[in-house]
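A, B and C label the chains in the order they appear, each numbered from 1.
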Amino acid sequence: MATEYETVIGLEVHVELATKTKIFCGCSTAFGAEPNTQTCPVCTGMPGSLPVLNRQVLEYAIAVGLATNCEITRYAKFDRKNYFYPDNPQNYQISQLYLPICRNGGVEIETEEGGVKIVGIHEIHMEEDAGKLIHDDWEDCSLVDYNRSGVPLIEIVSEPDMRSAEEVIAYLEKLRLLIQYLGASDCKLQEGSMRADVNLSVREVGAKEFGTRTEMKNLNSFKAIARAIEGETQRQIDLIESGEKVVQETRRWDDVKGESYAMRSKEDAQDYRYFPDPDLVPVAVSDEMLDEIRAKQPEFRTEKMKRYKEEFDIPDYDIEIITGSKHMADLFEAATALCGQPKKVSNWLMGETLRLMKEREIEAEDLRFSPENLAKLVALTDSKAINSSVAKEVFEAMFEENVDPEKYVEEKGLKTVNDEGALRGVIEKVIAENPRSVEDYHNGKEKAIGFLVGQTMKAMKGKADPAMVNQMLKELL
Amino acid sequence: MANIISDETIEYVGILAKLELSDEEKERAKSDMGRMLDYIDKLGELDTEGVEPMSHVFPVQNVFREDVVTNGDTREALLTNAPEQKDGMFMVPKTFE
Amino acid sequence: MSIIDMTAAELAAAIREGKTTAVDAAEAMLERIEEQDKLYNCYVTVDAEGALAQARAVQAKIEAGELTGRLAGVPVAIKDNMCTAGLLTTCSSKILYNFVPTYTAEAVRNLQKAGAVLLGKTNMDEFAMGSTTETSAYGVTKNPWNTEHVPGGSSGGSAAAVAAKECFYALGSDTGGSIRQPASYCGTVGMKPTYGTVSRYGLIAYGSSLDQIGPLTRDVTDCAAVLEVIASHDEKDSTSIERQDTDFTAALIDDVKGMRIGIPNDYFGDGLDGEVKEAVLAAAKTLEDKGAVVERFDLSLVEYAIPTYYTIAAAEASSNLERFDGIKYGYRTKEYAGLHNMYKKSRSEGFGEEVKRRIMLGSFVLSSGYYDAYYLKALRVKALIKKAFDEAFAKYDVILGPVAPTTAPRLGSSLADPIKMYLGDIYTIAVNLAGLPGISLPCGTDRNGLPIGLQLIGDCFQEKKLIRAAYTYERARGAFPTAEKEVG
């Protein structure tokens, strides 16, 4: 009988914090600037420059720690991790090894069987991001851009508590949602503001000891993570079955080829010579500081779902979807507060919004329309100023460019014509031009009226209330 | 000399510190480092059981800056010292194989 | 009195009173540097044009009443490990042979705001690693008292420039005695302030937890005046300390009555030169005669300071000097095969022997398997040394001792045996480990006419006690000969 194996997975998740400035200097963290235009002596490792900690980084790190049930280290320090690489301007990265800011936490995830499981969090530490290396084929060299150098990161190190790709993704989704709710990061895998390294080993089912693990890097989507886990599990099983040994090493996942390869070099000793950074002073977290951060913690998803059930008359399914994104929940609440129509706001989100998101392949966090405009759109349909098909057109424009629905309707002349006189003229013309349908109607074919309504709407270029057209048609016939 | 530094150790430290020594320099480095470590071993005479390692001499804590952008674009100045540059970036030997 | 012979305070007063100008002072100094620096090699870079332009601008401000400080218009020399915008800053290393910073060190900025005129950058041991200024990539500096002797180090260029009257005062940096020891060898006053008193922003780091900038001056009055200007709380340096008591010139008081002075027995044991011992004890007697209560005591742990220091300083240095990699600034080797070879060749060709020695040692003591045994052990001993000083300062206001075991050694006699050279730091090093202030001032000459330094050590933040004791001693001692008389 074939041996059965179990996969043991732990994650190191890097999250770029949503601060305005870098962790140790006053340079902007804004995305997409020209290379090296958001740099200074500190984040480019100029001789004589010194780091000073951004208070917001500490607050975000503690907030994430509290949200993931960690103990907050009351006396934390920064350490230097020494290694040479061109994207690392000082050739050491300021990180935390000995006294990280958060330890011993955990989050609940739902398992495939529908149960609940806790994934332990070993620690969370603060550190600085590296710069970007760009390969230049023409010169056959690399080019360094330090705009990202010094962007604040937290690294969330889990315990080896996960056993499948599904659990890994559930854990990542959970972290992502918590952090988005906190506003500490937008957590976008594709853009690199959330990155996961996978530590994986296999062992025979029932074995007590862990097998030798490898670390996999360069995983920038949930799909890539799932594929990499599957690939690495199989690679390790194959090695074991063929009598070979798994080597503890760092491997890079190539998602295009669907395989990983070792990142080995005799010049990389992997001996980081960590020691406390003498340029930074310790962080002492007081009770007051903790209380303040605790007081600022937002309502998380579970509480929000509970409150929605009590406050709003919308289906559980809607609540599930809406609260699945902090941004969408914010949109929902703000728009509802403005127009007082939770059900209608929810319908827009569940219907057109999801449809367009799927079509355009964008995430909820990237929705650009404002709650004000959504509320205005609800008001416009409520007052019958526009009909539902016009409303969809308006919504699409709003979805794309966050247009003001009132202005848009005005400018495009989309307002429903409620003038009975004008409508009567059009309807009479439609009746005159469609004698067969009129006859069908009179012969009891109720459906024929639908065609006539359609013709009227067409003649009105959509700017009529179909119910009103229906009503008037019946009268005139 | 109590501390004998091997060729492998010097080689290894050279990888960590990114230093490449000539054979002659290596021999000197082995002897110098061995002697220094013998000297440092003197610290072993002291009982430091229960003594907290002192990385910072004064109890200064919690020095922060606020999250406000204070720096602008100084790329031109940044690159004035670059040994090689291209397109506003530092040029380095290729890092990808 | 010729301009050249004035102290900084005297010159500033003369400029204020219109007896001379900042431009005259700068010209006189530049002329002197031009004449004699070929002999001493105090400077790596002399910025004649820049100095004259600054002098003219400062003079105009003085005349307009915008600059009234004690140092306004006075030319200064800066150790070449402090960044100066637009002016070559080499750390006396080949690896920074062409580095022109885009910003100025905070301490230098403070001087500039007070109307200082920068003459240039002084020679030093490469990256401040050394005690003789012989490890400089830009030639040795010679002691103006006797050019066959070293000026000390690592701030040897600054001390020699003050002694040779090639500047009115200078800034140095002190990691293990690098201000006090050359001041002692060159017969000038030199002070290492309490850690955190002067911003380290723009000081190219050697041992970050130990480095501190301080003045090298012709007398104690200037020392207090310079310290008063450079001390500041700097938000760019997390280890900078906010102090309210930086009016150091207020401590220039000729009175030590009742001051408790402790003399550590451990500072007068084997290895201390007899003439040095005699001169230092005579200075103690002078202070006793002025009313101080002088006592002998056992400081303990003195012999452990050196191994502790070299472990910590080398570890920090190995990390601090990683940034010199041939990518962003400085020297890059001409031919290389790939990235790692570029790193290795650039660094091996760019750094000198002593620097490489300390980087290797530092990398080793931090490496996997040795961190606890070496680095953490050293941090624990550091805590014990601090405690020994705390206990001493519970009893004494000031600790008095020699700066160095001998007067300035002959050129070329030190580098051959590194450990022997390191032993020369025995009286200065513990002060850095404990973050304390220390001052060195001349208290005599040996049979060869070389100056002997007296060291006074204070508890943290007690610079004023040091200044008061040093000032009182200086007044009692009377005028000290100057180097030029010895060399003609």
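Throughout what follows, contacts are C-beta pairs under 8 Å (C-beta built on N, C-alpha and C of every residue); 3 or more make two chains touch, one makes a residue touch a chain.
Note that the structure is predicted; figures quoted are calculated from it, not measured.
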| item | value |
| --- | --- |
| Farthest chain (mean CA position) relative to chain A | C |
| Chain closest to the middle [Cα centroid of all protein chains] | B |
| Centroid distance [mean C-alpha coordinates] between chain C and chain A, Å | 54 |
| Geometric centre distance via CA averages, chain C-chain B, whole Å | 23 |
| Rounded Å distance between chain A and chain B, as computed from the means of their C-alpha atoms | 39 |
| Sites on chain A at which at least two other chains make contact | 44, 52-53, 82, 84, 86, 144, 267, 271, 273, 275, 278, 280-281 |
| Numbers and ranges of chain C residues touching at least 2 other chains | 99, 102, 209, 235, 238-239, 318, 322, 325, 327-329, 339-340, 343, 363, 367 |
| Two or more partner chains touched - positions in chain B | 12, 16, 18, 55-56, 60, 63, 65, 74, 78, 90, 92-95 |
| Complex interface listing, chain B residues touching chain C | 9-10, 12-14, 16-21, 25, 29, 32-33, 35-37, 39-46, 48, 51-58, 60, 63, 65, 74, 77-78, 80-84, 90, 92-95 |
| Chain A - residues contacting chain C, complex | 41, 44-53, 80, 82, 84, 86, 89-92, 144, 265, 267, 271, 273-275, 278-281 |
| Touch list for chain B against partner chain A, complex | 12, 15-16, 18, 55-56, 60-71, 73-75, 78-79, 86-96 |
| Sites on chain C touched by chain A in the complex | 82-83, 89, 91, 96, 99, 101-103, 105, 200-205, 207-209, 235-239, 315-316, 318-319, 322-325, 327-329, 339-340, 343, 363, 366-368, 371, 375 |
| Touch list for chain A against partner chain B, complex | 19-21, 25-28, 34-40, 44, 52-58, 77, 82, 84-86, 133-136, 139-145, 266-267, 269, 271, 273, 275-276, 278, 280-284 |
